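You will see two complexes here that share subunit A, one where it goes with subunit B and one where it goes with subunit C.
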Partner chain A sequence: MAQATDPGKVLDRPNGNGGEENGLARYEISFGQADTRWAEMLARNAERLLKGSYSFHWLKTDPPNFGRRAKPSSRGLTYTDINNVRPYGEVPEHVDWKSFAPRGALRDPYRAEMPIIEDYTVLDSCEVWADNVITLYEEAKARQWNATRDIPWEELKPLPDDLEKATCQLCTFLTEVEFVAGDFPAKWMYRIPQDFLEVKSFLSTQIMDEARHQEVFRKRAIAGGGLMHSAPGFEWALKAILDAPTHTMGTFLLNLLGEGLVLSIFRSGEMIAKTHVDKEIFRRCMQDEARHVSYGVMQFKYYLDNNHDREGALEQLHRFADIGERVILTAFTEPALVEPVAILLGGGLDKIDNGMEGMAHLWRMFIDEYLQRCARAGFERRERCKLPLDFPWRQG
Partner chain B sequence: MSTANSAADERGPAVAFPSLEWFRRLADLMNRNRALHEHLGYIDCVAGFTITDGGAGGRPFSVQVTFEEFEAVNVREARPEDASRADFTLEAAMSTWREMIENIARGGGRPDLTHTLNYLSHMGEPIAVRSDDTMRRDMYFRYNQSLQEFVNASAQIATAFREN
Partner chain C sequence: MVAPIAAMRTGHFYIDETCIGCGACEHACPGKVDAIYRVEGDFLGRFAIVLEECIDCGFCVPLCPVDCIHDARKEGIIEGSGGYTRIKELQAWARSRN
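Moving on, here comes the complex of A and B:
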């Protein structure tokens, strides 16, 4: 099965200097000279309107998809309910409609006249689909929350200096990482054609979730003292996610590994939180993050289960993970992350050594959970994992 | 048997913990507090609660609660062979459950910082999260706030703790 190309390579980036002028000139040529089929349609429509005549072609329902009514289930009318009406739920293995025409609409008679959206490059369902994607979309809509009013901000009280700074640094790290988890799906979303509408819908909820996470951690830091240090080690890990060559590879690195580790940080954050405000923030984020991890595991599984060359795909993914795991480790060994977490775990700067012992215990759990998720997807990574099974603390 | 506060108080007659009845009361409270759970969102899972020394003769006592949409739709006692029916099971000794429930009651329905479900389970003890599948275990995190509110409602029950 063909793999989608990196959208970054296809994307025509405006270059700033004269970019607007060049872009406008290209647009004028494209729509004004090169391809003017739209103008023929405009003329046809105008002529009909001027004559005062009707077309009524849209009233014909052949093939007869019309008239099979979807029925709501106990929760209302879900994608599953409408997908139970044939043929609306038939998700193609390979998409050959690179347009906005809705899946299940009468579109074949118009194929020749339709423009082709070349930006749609993710054409195989195995690159994006997951068997739980509709459930997760419904759950995501139902479990949205509001960082402005669902957190008891009025209860936030200053902490001792070391704990406040550690909390603010942890929140700064999280503010830095949250947007990549929105930017990655956003980068790919417009490469995904309309026939995978359920996936696009779910990814839009992930983008909203990540905007809220960035918002809540930024607010927590600034309400508690301020934003602290960014770190190059975080940035390289994030770049490795954003630059992943395919959607599935990036989903593995972001949703399964990266967000799996971030989910662990949220769980740790809830445990080590020194205020009810922080507890609530981490619990809320934990729930969203677990949905993203859940999509990542099942998308990865779907990719492997539906790939016509499973062995070849596995080997490519191992090669990708060999690099990805090590780059991600850069973020999770940065002092700007490790030290504040250890201070919060230990209960103060003077107890940071105790905190590091706690980190070592948690690390073993995190890595074991990661390897379990890989195995669940059909990716046996235990023998090849580049992440240390024990946290590299005082082993030298 | 001793109670968190008094045997019977303004919350009504004391209910024994652990018991099927106690978890059914929690389920009733959740279902009556639908607005809160609608605000939190869907919860779709089967959660197990095991009190390792809460049964007769100090044997384990387990309950499974089925959550659907915004409600707890079923509460039943579970035998060891029923374990896999639950997506995940929270397992701890009576002393841990008791401390948590008493702490929630003292906080008027909110535990202090060291008695939330996640606090008590994150390190693998004193509450262990058991599941035979990583995807099903992750539901504990996906619905954590709803599960926390589910147990927080125990502040509204006068609880009589069984002594073994």
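Moving on, here comes the complex of A and C:
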């Protein structure tokens, strides 16, 4: 099974220092000298217009895809509804169209003249598809919310200093981690060709969701006193996600493990959040995060179920997870995360030891939820898991 | 007059307590049926199925990332199990402190 290559190796990164001039020079060579097929088309079009001639080729509908009308369901017109019209719903196992030409459009006659977008490198459906991606996309659109208006910010009252600082530190952590959950799909979305349009649509909603999460936690921290400490342990975990060698591996680390752990924090929001405003933030973020986790699990499952070398793929993924779990563990053992959560669970700085008991329950929740997600995808990880099954804390 | 399907029989699919609220099932339910809804007021944002409206098509089942949708005819009525029940231990711990 072909594996998508690392996008970073394919594309020169934008360079702010003098890169504009080099980039422009390359662009001039590319479009002005190296490949000027577009200029031939321009000349042909101009000649036709100047002759007052019509083409009307676009009116020909052979093969006859045109005329089969999609019918809306009671919810409106969904991707599922239009995919019921053949051949529009036929998602290829392997894509050989590296262009913007829409799936189902008449495009074969033009293949030879079309440019090839070499940056589209994720060509196998098993690398991106999930059986629930279309319905998750519909759900995502239906549940969008606004971090400016939908949170009752005016009702936010100051907490005692220790709880306020713990809340602000937790929000700083969440602000730091949320953008990788936007950057990762953004990095890969551009590598996914148009034939997987439903996946690209869903990833667009994930990027929007993560922008909103970063926004809401940044706002909560600054409204409560300010942003607090970033942490190198968080950064290494985020880098491990961003640098994952394939989309499926990164999706495993981001959506199935990392976002899964964040989802566990949100699910515990009734116990961690100390104001009704914070509970509302957690509740809203949780429903978004659940979609990302859901896609991650089912994408991982699809990858394994449709891989021609399942055993080989499993072994590769175990090797990847052996490292990924340990790097993610670095973030989830950072004092800048563990201690504020324990203070919030315990109810104050003076009750942090008691809060660590709650943290032990939360940890078992983290791990068992994660292992359940792995099992659902067909990736039995319990025996090989590098995350401690119990909270690695000994009372001092 | 022919009674509507929903009035003639009830469905058998249900969602257990381990639902994570992703909503993939809601939009898998055929539009005219629309038997799946988010439970109002539930902090965890879980979904439920209206038995009187469910037509037992089962489209929702394979889309669930946590396997929490069941067919009562095959599995009976079972409680959720696995990692997503762990939250009850944290909730019990929190209650014990109040």
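FYI, the second predicted complex is superposed on the first by the 389 of 396 C-alpha atoms of A that agree within 3 Å, B and C clash if a C-alpha of one lies under 4 Å from a C-alpha of the other, contacts with A are read in each partner's own complex, and residues count from 1 in each chain.
Assume contacts are C-beta pairs under 8 Å (C-beta built on N, C-alpha and C of every residue); 3 or more make two chains touch, one makes a residue touch a chain.
Computed from a predicted model, the values in this text were never measured in an experiment.
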item	value
Superposed partners subunit B and subunit C on subunit A - clash or fit	clash
Which superposed partner A:Glu270 touches (first subunit B, second subunit C, both, neither)	both
Which superposed partner A:His361 touches (first subunit B, second subunit C, both, neither)	both
Dominant toucher of subunit A (residue count), subunit B or subunit C	C
Partner chain(s) touched by A:Glu369 [first = subunit B, second = subunit C, both, neither]	both
Which superposed partner A:Asn22 touches (first subunit B, second subunit C, both, neither)	neither
Contacts of A:Asn146 with subunit B and subunit C, given as first, second, both or neither	neither
Partner chain in contact with A:Ser230 - subunit B first, subunit C second, else both or neither	neither
First (subunit B), second (subunit C), both or neither touched by A:Ala290	both
Offending stretch of subunit B which, after superposing on A, collides with subunit C (from 6-14, 24-32, 60-68 or 96-104)	60-68
Shared subunit A surface residues [contacts with subunit B and with subunit C]	74-75, 135, 138-139, 142-143, 263, 267-268, 270-271, 279, 283, 286-287, 290-291, 293-294, 297-298, 358, 361-362, 365, 369, 372-373, 376
Touching residues (chain side subunit B, partner subunit A) in the complex	40-42, 44, 69, 110, 113, 116, 118-119, 122-124, 133-135, 138-139, 141-145, 148
Subunit A - residues contacting subunit C, complex	73-75, 78, 80, 131-132, 134-136, 138-139, 142-143, 263, 267-271, 279, 283, 286-287, 290-291, 293-294, 297-298, 345, 347, 354, 357-358, 361-362, 364-365, 367-373, 376
Residues of subunit A touching subunit B in the complex	74-75, 135, 138-139, 142-144, 263, 267-268, 270-271, 273-276, 279, 283-284, 286-287, 289-291, 293-294, 297-298, 358, 361-362, 365, 369, 372-373, 376
Residues on subunit C engaged by subunit A in the complex (per definition of touch)	20-28, 30-32, 34, 43-45, 62-67, 82-84, 86-87, 89-91, 93-94, 97
